[in-house]
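Paired with chain B in one complex and with chain C in the other, chain A is shared by the two complexes that follow.
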Partner chain A sequence: MEKLIEDFQIPDKKIETWKFTDLKKVQEKNNFRPSVKSDSTPTNPYKINLDISNNIFFDPKNNFIIFENGYLKKINTKSDDLEIKSLDSNLENKIFNKKNFTRKDSLLDINSAFLNENLIIKVKKNAKLKNPISIFYYNCEEEKYLINNRINIILEENSEAEINEIFFSNNKSIYWNNVHNYVCLKKNSKLQHYKIQLESKNAIHSSSTNIDCENSSIYNNFIFSIGGNMSRIEVISSINSADINFNIKGLYLAKTNQHHDITTLMQHKHPESKSNQHIKGILQKDSSGVFQGKVIVAQDAQKTDAFQFNQNLLLSETAEVNAKPELEIYADDVKCSHGATTGELDEGMLFYLRSRGLNKEEARKLLIEGFINELFDDIENKELKKKLLLTSKKTIY
Partner chain B sequence: MLKIEGLHVNVEDKKIIQGLDLQIAPGEVHAIMGPNGSGKSTLANVLSGKDGYDVTKGKITFLKKNLFDLEPENRAGEGLFLAFQYPVEIPGVSGMNFLRTTINSIRRYRKQKELDGVNFLKVLREKAKFIKMDEKLIKRSVNTGFSGGEKKRSEILQMSLLEPKLAILDETDSGLDIDALKTVANGVNNLKNKERSFLIITHYQRLLNYIVPDKVHVLSKGKIVKSGDKNLAIELEKKGYEGIM
Partner chain C sequence: MSIDLETKKTVKSITEKYKYGFTTKISSDKAPKGLNEDIVKLISGKKKEPKWLLDWRLKAFRTWLKMKEPNWSMVKFPKINYQDSYYYSAPKPKKKLKSLNEVDPAILSTYEKLGIPLEEQKRLAGVAVDYVFDSTSVATTFKEQLSKLGIIFCSFSEAVQKNPELVKKYLGTVIPYTDNYFATLNSAVFSDGSFVYIPPGVRCPMELSTYFRINAENTGQFERTLIIADKDSYVSYLEGCTAPMRDENQLHAACVELITLDNAEIKYSTVQNWYPGDEKGKGGVYNFVTKRGACRGNNSKISWTQVETGSAITWKYPSCILQGDNSVGEFYSVAITNNFQQADTGTKMIHLGKNTKSTIISKGISAGRGQNTYRGLVRMGPKAKDGRNFTQCDSLLIGDRCGAHTVPYIEVKNQSAKVEHEATTSKISDDQMFYCRQRGLDQENAVSLIVNGFCKEVLKELPMEFAVEAQKLLGISLEGSVG
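Entry: the complex of A and B
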């Protein structure tokens, strides 16, 4: 029997990990309907929508994948070392060890039940991809639909790649985008993964990235969360081996009455790996932000090095933040630290700048930029870094 | 240049400055000495426009303007500069960006043409060289992780870039090694001219060997209790505050 969205419990505050984000309420208000996969393949060759080709993150030189209103429209690969295709779900379970990523909510079940597209991106052994892979999730329809896509990513041994996902819209559309990623990093591979969330101001974004890491792999994740009415971005790691270097940098930037949630789970299961998380938030007007980060260091995971820090800047009296950094350590020989701070712009710094001739507005701007800069310092793709900085400046002022 | 008349300042209902008078003419160098907690930094902060100081009585005129009518940034624009006793660290803001923004804000206020990147760098390099400040330090975040001496040098660099009419140095000499002390004094002496005045707050006579003051004042319990010429500083060094009061 076909499932209905009503058959699922939408996450709300009753679930421990959803204490600060009530998705159910938003679904009740909007009643998003799952979009149905059309069987007829379009006959005309696809022409890239102007909104996409004009987007500053679009570069025709890159490998790219385009989704429009939830449907896969185009796959463009520039390298023989890269394979992108639909994945049948039997195969999926063979490749990815989903045991490491069990969920206590229904989002993955919803994704499975109404799946639009299930893609696999494979980077071949020893390949170092020259050009990034950009995935555009573009939306321009207004009829309150729920989109479910899944992207599986495998980096074979010794391979390197950069993937950037860009979620955006014509800013009129109303939808709920529910995306799940599975990433498998084989021995010695390295992935730069940028999640650039610029959804429509009326949209809901929920995504999870689940990463399985093998020996000596490097994962650098950068979350840039600006759009949407409500967003929940999850990163869940499974560190199964030694010498893994796992990094998450994140920025949520809320302008009006938005709600941004970044939730991470770091599972150190094996000795001698490193993880580092640094998440910053800037909140204006009536917006709210959430950071929940849990680091679990298993008994066997000796010599783990885990660091986690969340810093929030409140730019209005009505903005609010809930930060919940957690450490669960069962090993005894580890280096772990975590912390969270929330505050306004520092009066002492503001005065220092004003005493040097900057007016209040200029001083504020410089300090906000400084707050952001720290996070962007070690982004490897310099061109992308410039675009992200530009986008954040536009959002703040 | 600066005229302070009958100034009274409270901090959190505590009387800190209690009837202070001071006049500085263009081109003059004044030194203020005084025991810890006598109100020297309080005076400097009030002059620069910092919040949290309650002026209960008195008047301050700076270049014929009522100082209290001016926001801190406008005081800087008019030509007031304070080298802080404890400069703040500003992580994430590069010194380059900061210095360029500040010099151009001030130039705009003074209706001078803003400096473009090339000209700014030229001016900056010249000044930095003069006060022996490493360019690497300027590229870092403002004051962040600087040593005590480096912070003081950074204040002097800002002073020489902003070309103030009245520069107040709050214990800029404290914690400096002898070479750094000479460099700081050089920075001041190099800026000295007929129009520019200095108010130097210090605990040590040794700085005044390099920057010769026209007048020396002793501040105690929020009041100037004694004024004299440079010899007063020498006398103080010998006899201590108790000996001269």
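Entry: the complex of A and C
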């Protein structure tokens, strides 16, 4: 039977994990309609001549996947170790253990009901991909569509890969992008995952990345969130084994009327693993930012090392920030700590720089750059790092 | 079983509709089990309260009926049957008491067992003790000395009779009767409590103190405390709780309201040691308390210090509303959970005025199967220019069956406000234990020493007499938690 978006409860402040982000209100205002019907197979009605090479994050050497207005346009793989194809949802449940990622809201159900595309990316055993996989989500439609896509990623044993997801659009388009990722990292695998959110200023972005980690795997996530009218990016981990190294770095830059939300959940279920989160936010006029982070250390997860840090810089009197860094610990032999700070640019530092001859604007710029540079330090892809730094500078000034 | 005629008469005189008979022999003047409007009227009538207060209680009761019990905290307990509890009990009314000799010897001996002999207390640094024994104050000391300074320190019911204008002006202004489930319940059925008023420019010369006791079986305790520090005044208030062994769970839903005007300061210290239940988690007190202070005036200060060692469940958030410019809020807390105890405690610092400052230091210790949660809110309003907050929450875990959780909420709506939060979780390391043992301390003393060191920052905020008691308590509470 056909389902409608009205059949679903859009998350609002009544749900504890949505305390600071009211998606329902936005949906009521915009009334986004799913771009595909729940009871039919989606077919791409668009024939757009998009020149992707204009995008600064495009590199012809890379493997790439392109979505246009939610529909799959092109897959280009350059290695035999890499397999990208559509995934049958029945098979999906066999490969991924969804029980580790139960949700209290309806976003995944909405995604399943109106799914545009369900892809699987597989990196073969022992393969170390030379070139990154770039996934472009491009939108140019003003029809207020709700777009649902799902990307499943498997890294087999001893494999390594880098995935960049780039969300962008022409500036007029209005849509709600609802993307969910499932990642399965097998033994000794390593994934660099970049989420670059540059949606149009009227767009809504909601996404979740759910990562199942096995023995000795490494996951490095970098969230870069600057676009959209409202964005909500979730990272949920299930740390099922020992010697796992799980890192999240995140930056949100909010300009006029923007609302950015980064929500994380670390589930340490097994002893002797590490997780590290560092999220920074810069808030400008009439904008708001949210960081909600939760670390759960189960009773058996002894010798866990979990760290969580959130820093916010308020650049305007009308900016607002809400943080909720949570720890839930049931094991005693653990090293867990978290911190959160919020403030404006330090007067003393500004004074120091100005006394050295910098004007007010230069001094401000220097301090802001200093604030964000720290996050970019560990980015292994130097080319990408340069591009991200450039983009963030353009956004702030 | 006979029915207390006097009680029945009182009930009848207040309400004609009252139909229920009493089934228990009432030696301590109990109202029947259960909760309805008649009981609220009975309580109010017993205390000869004015009409506005009865109306207030009834409004609260009607609101309470529409409310749902909250379930957001990290505590688990069987559902409370609010109709299976007594809402009023008082020792038999006697003639007005002038000296301690007139106090019921049974009551005196109970205190002696608890290690707080009255005579000793009287001598101790001039502490005036307002005893709350089973919901009604039976003795108040040092009153004359205080009244010379214009300080009002009496039971709540007495204040309603003697200073109704003050009570009416401030009651419910910090915790409105619609506030939360347990505060609303308290507003409807509060039995008694303490009332303190410090007049302008007076520095209270002694620590004011109330000892709460739960005595009669199945008696929910609904204390209501109201402290007002007028301009340029200062008061330090001590609250200590002890309760005897008890098999059934007891509900304790108190309300404490503090108000400071310009340049005034209130220091409120609590040592809470209600019966925590036995090693198997049976019994113990449910301590669901609403405590809130409002810094109304400029440059005013409210400081909460608490040592929570008892109760099966502790659920309280002593908070500060910093309305006046330059006002200061402080919260120092030690919470211990052992065996099956659960604590969900923390604070709220609501910054409204300019240049307001707050400090939160919270130390949680979990042992056995205890669950300890810090839950706090720091909110900087749009007008809280240059607001400042520092929060530190540390948890210490003893044993691998317990839990320590931190749930801070930080909401900042002002650019110039600075908020810092940090939290750590650790355990007593083998090195620390080894060092202490090697110096000849046995295991329990070693744990006690380490824990006291861990809590030092908070304990030093306690008044002298309390600090000593609290240190001992920490050791006792953790007995048998190691090894």
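As a working rule, the second predicted complex is superposed on the first by the 382 of 397 C-alpha atoms of A that agree within 3 Å, B and C clash if a C-alpha of one lies under 4 Å from a C-alpha of the other, contacts with A are read in each partner's own complex, and residues count from 1 in each chain.
Here, contacts are C-beta pairs under 8 Å (C-beta built on N, C-alpha and C of every residue); 3 or more make two chains touch, one makes a residue touch a chain.
No experiment lies behind these values; they were computed from the predicted model shown.
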First (chain B), second (chain C), both or neither touched by A:361: neither
Partner chain(s) touched by A:88 [first = chain B, second = chain C, both, neither]: neither
Chain C versus chain B, contacts on chain A by residue: C
Contacts of A:80 with chain B and chain C, given as first, second, both or neither: neither
Contacts of A:2 with chain B and chain C, given as first, second, both or neither: neither
First, second, both or neither for A:314, with chain B first and chain C second: second
First, second, both or neither for A:332, with chain B first and chain C second: second
Sites on chain A touched by chain B in the complex: 346-349, 351-360, 362-363, 366-367, 369-374
Contact footprint of chain A on chain C as seen in their complex: 72, 382, 395, 397-427
Chain C-touching residues of chain A, taken from the complex the two chains share: 16, 299, 302, 312, 314-317, 319-344
Sites on chain B touched by chain A in the complex: 48-51, 71-73, 75-77, 82, 84, 87-88, 90-94, 97-98, 101-102, 105-106, 109, 141, 158, 162
